[in-house]
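Each chain gets a letter, A, B, C and D, in the order it is written, and its residues are counted from 1.
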Amino acid sequence: MILNLIAPFNTTEGLGIWIAAFLTLCIFSFLYKDNPFYKFAEHLFVGVSSGYYISIYYWNTLKPNMIDELTKGFTALGKGDMQKAFGLDESGAVMAEPHLRMLVPLMLGIFILLIFISRKNAWLSRISFAWYIGVASGIAIPTAMSTRVLLQAQGSIRDFCSYNADCAVSAGLEPQVATTALWINAFLLLIGTLSALAYFFFSLPSKGALKVMNKVGIYFLMISFGASFGYTVMARISLLIGRLQFLFYDWLGITIS
Amino acid sequence: MKTKLPVTIAFLTGIFMAFAYFVERDNVAWVRILYEELNQNNIVLAVFVLFLGVGTLLIRHAKKIRDRNSDSIYSWVVIVSTLAVAYIGLFQTTGESIGANENFQWIFNNFQVPLSATMFSLLAFFVASAAYRAFRARNTEATLLLIAAAIVMIGRVPIGAVISDGLNLTGSFSLPAIAEWILDIPNTAAKRAITIGIGLGMTATAIKIIFGIERTYMGSGK
Amino acid sequence: MNIWDKLSSIDRRWIFLAMAIFVSWPVLKPLGLPVTTTKEVESLYSFIDEIEDKKPIILALDYGPSTAPELTPMAKAVIRHAISKGIPVVGVSLAPDAPGVANDIWKWAQEELGAVPGEDIAYLGYKAGTTNVILQMGQGISKAFPKDYYGNSTDDLPIMEGFQSLKDASLVLGLEATAIMDLWIQYAGDQMGVPVAGGMTAVSAPEAYVFYQSGQIVGLMGGMKGGAEYELLVGAPGNAVQGMDAQSLGHIVIIVFIIFGNLGFFLGKKGQDVSRLKSLRGDQK
Amino acid sequence: MIFNFLISSDAFFKADHEVTLIACLLFMGAILYTLAKARRGADLYIRSIPGLDAVNEAIGRATEMGKPILYCPGLSSAADVATLASLNILGRVAQRVANYESRLIVPHRDPIVMTVAKETLKDAYLQAGKPEILNEEDNFFITEDQFGYTAAVNGIMVRERPATVFLQGMFFAESLLLAETGNSIGAIQIAGTDAVHQLPFFVASCDYTLIGEELYAAGAYLSKAPDLMSSLKAADLIKGILWVLIVVGLVLTLLGNASIFEVFGK
């Protein structure tokens, strides 16, 4: 272990490292207790991130997708080319570039901001919310049904199908020769899924066979939660390692021989 | 009007997006383009939503300063840092891309990165204190939680293999193998059941939004 | 209060201190414990290794600085692998705080690997709208990203030749800290039929096992360990491999405290328990 | 000419998506049917959810101690089902808080959710007959940044010292940061999320946790409103059908028949 020079103070890069190290320590101080340093860092964080998002959203989304489109649209309009202004080509077919069609989201966006200006007209923001949420819901219906429900149900019997030559061939899966251990695993997986699924039946009181199944379901849930927790610990420590590597290597200039 | 119009709009946009899922959009230009455009609009709307948020943030802190709140110094921190970063990001960017704005990158690397990463890394400590309190063999459920957590925790790091070798556990009975089995079998089973349930819940809510049954997004819904 | 009761109610700050000390130690002085590879990472490695037609990999960098210690080693290892095989890598981000991190990785790839921007690698930047962006990329990459992060027109980049839509990609590798992975699987994988793989924080990875097991993703790297494995498979150990020792000690600290907690619980006053958990079903009745 | 774009060449609908379509339509039918039934006043049973039975007790405790209640509606957008479920719960919680005349703090990460919550709160306080005690300043937006938001909420927790903390909705990695800080100030915590990978942390750190679908059921459970009950019932119906189909599919695959297996993939 060789102790090198601490990061220099007077270059842009060095100053940056000092600031970053100071803010890192401010946040770490919360572990002991709340204090003015943490409070300062917390408020700075809120401000810096807000400014950061405004800039990123403007340059990456608002400008290319709306402002530039509208500019092109109005330019075409100025030249009297109505079709192009609204994003239609010569034959009248809709072009991918929306141009003045972006006036619709602009209007919806202004409706949202009306909340600031006029209480009376603030209800118009509901139209924007409805649009926004309607689109998201429409996309969600078939995809959630397919990916989260049907394909997961399929996954629960997938192993059985690939272990059975006939089934595998007709389903186009790669047939596998299953050992006893694999069979046991496949059954455990299915029993776990079915019993945990039964836990989420709200319509029936937990009695009789359902009670037994619920109990088994809860056991599976608990093992799963424990496993996820244990698995996650790694990630959390990784993050700490990342910060320590920064403090030790970049700021204090320690190098490992 | 104040209710019917939004509900109608949610119905039309929603039904169309759901319908478009089933359409071979490469073959049907009008569906494809409408679909893209609705997508595009939502992307842009997200920006206005952010403006709404930051606007209310600034107003709230300005009020605190006006009211001479004892913590108004911190409100100054929020307002000044928001405006300063936004100024650098919006007005010091030349050309078309923020990627070339060195000052902005410097602020990102030396303010946003350490704050965000350190806040996140506090989890390393919290995970330890939570595990210490929660993982006690009080009953069957808690014991299962404890055992699964302990095996996976040890089995997933290099020292798990070292311990296994020391205890002469090999093959499918080594700690890493058991950890992987727990993740693959019981864990997958439980997660799958939760996922299916959530999938149904998501679909149900989306359906109710489209039919105007679920109006939470309008506040009181009146 | 006897020693067992004390063990049962240690102030959390002592736990914090122990954690700080035992994680710092190997960061300063590595112990060199061995790292083993798992099949999820191996299958991703061999998938990329067997890409033949040089169709580009879409590298979705959907994470911010907070999860960079876990995910950046994966990004670097995979880029190193792809570049050495001559496979182009196109980066995109669906998380707003990603571009800063991605920019650093791209600089690294140019300096360290000699990757030529626009030919071997391209970074298209961040776009808001998650699901919508993925769907748009399916209709045309340049529709979602008309310009790359550095302001060049996407369609003019040499790397984009013959690469119009997301459907033309050989693989989507999502490096994810959030639920965006699900969206890549749903839309790019299930809907468009593009092979999808994941590099995820250790938190999100267990959830993705379902998708690996059901064949919806071709490979999965989880946490710093996943990154370390890929670093080893590519033959270039880096920050992730270095961090694995600290991982081990950190885990041991936690296990030791769990043991303390249980000793205190069983040997202290009538199994006195300081936790207030009622969630565990046994307590709820 | 202008309708050129309406003319299509090949297949209009995608192949192999019919089962998804049928499942969606079936589900729609089931929801509309149960809704009609519920609105006619049919008595719909729903099993008890322990975390929710504790809501009153938790609010009462805060009132006794003269401390505020913190309600975090999750970190996702208003388009997220978890957020909508959370807003439904917020409405119920707010009514009870208004009855007790306690203080309710609601910090937000999504501006739309904040706007919607404002209406929800107004409505709840009105229904409780105490619109005048609602402090709109306590329902506010912080920042869209995940950890910026977390840092601020943690700050609020250690300074305002709420006696009761609700963490309901979609959460990401910050779940444990919030839950552990809440635990450290001794608050009673009732969490609920459909974020599968955050559940373990809530289970470990909170007094009560609503697991996955229980979060969606919570609004229905607390209010017994027909609109909310209907989808819960319909989802149960589909779940039952699915459960049976999986078992039948298992038997068929073991016999070498892949038909149900393939149906799930369409």
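As a working rule, a residue touches a chain if its C-beta (ideal position, glycine included) is under 8 Å from a C-beta of that chain, and two chains touch if they have at least 3 such contacts.
In this text, all values refer to a predicted model and were calculated from it rather than measured experimentally.
Distance from the centre of chain C peaks at D, each centre being the average of the chain's Cα atoms.
Interface comparison, B-D versus A-C: the higher number of contacting C-beta pairs is recorded for B-D. Each chain gets a centre from the mean of its Cα atoms; for chain B and chain D, those two points are 15 Å apart.
Spacing of chain A relative to chain C, judged by their CA centroids, is 13 angstrom. Rounded to a whole number, the gap between the C-alpha centres of chain A and chain B is 4 angstrom. Here the spacing of chain C and chain D, counted between their Cα centres, is 27 Å. Looking at chain C, residues 12, 16, 19, 23, 64, 66-69, 96-97, 99, 125, 127-129, 131, 135, 139, 143, 147, 201, 203, 206-207, 210, 213, 225, 247, 250-251, 254, 277, 280-281 sit in touch with two or more other chains. Among all residues of chain A, those that touch two or more other chains are 27, 30-31, 39, 41, 43, 45-46, 48-50, 52-53, 56-57, 60-61, 64, 93-94, 96, 112, 115, 129, 132-133, 136-137, 139-143, 145-147, 149, 151-156, 158, 190, 193-194, 197, 200, 218, 221-222, 224-229, 231-234, 236-237, 239-240, 242-243. Each of residues 18, 21-22, 29-30, 33, 36, 39-40, 42-43, 46-47, 49-50, 52-53, 57, 96-98, 108-109, 112-117, 119-120, 122-127, 129, 131, 133-135, 140-142, 145-146, 149-150, 153, 156-157, 183-184, 187-188, 191-192, 194-198, 200, 202-203, 205-207, 209, 217-218 in chain B touches at least two other chains. The touching residues of chain C, when paired with chain B in their complex, are 10, 12, 15-16, 18-20, 23, 33-36, 38, 64-69, 97, 99-101, 103-104, 125, 127-129, 131-133, 135-136, 139, 143, 147-151, 206-207, 209-210, 213, 225, 244-245, 247-248, 250-255, 257-258, 260-262, 265-266, 271, 273-275, 277, 280-283. Put simply, chain B touches chain D in their complex at residues 18, 21-24, 27-30, 33, 49-50, 52-53, 56-57, 60, 63, 112, 115-116, 119-120, 122-123, 126-127, 129-131, 133-135, 145, 191, 194-198, 200-209, 211, 213-214, 216-220, 222. Listing the residues of chain C that touch chain A in their complex gives 13, 16, 19, 23-24, 27-30, 66-70, 96-97, 99, 125-129, 131, 135, 139-140, 143, 146-147, 182, 185-187, 190-191, 201-203, 205-207, 210, 213-216, 222-225, 239, 243, 246-247, 250-251, 254, 280-281. Touching chain C in their complex are the following residues of chain A: 1, 31-32, 52-53, 56-57, 60-61, 64, 96, 136, 139, 143, 146-147, 151-152, 154-155, 158, 218, 222, 224, 227-228, 231-245, 248, 254, 256.
Those residues of chain D lying in contact with chain C across their complex are 50-51, 54, 144-147, 172-173, 183-184, 188, 195-198, 202-204, 206-209.
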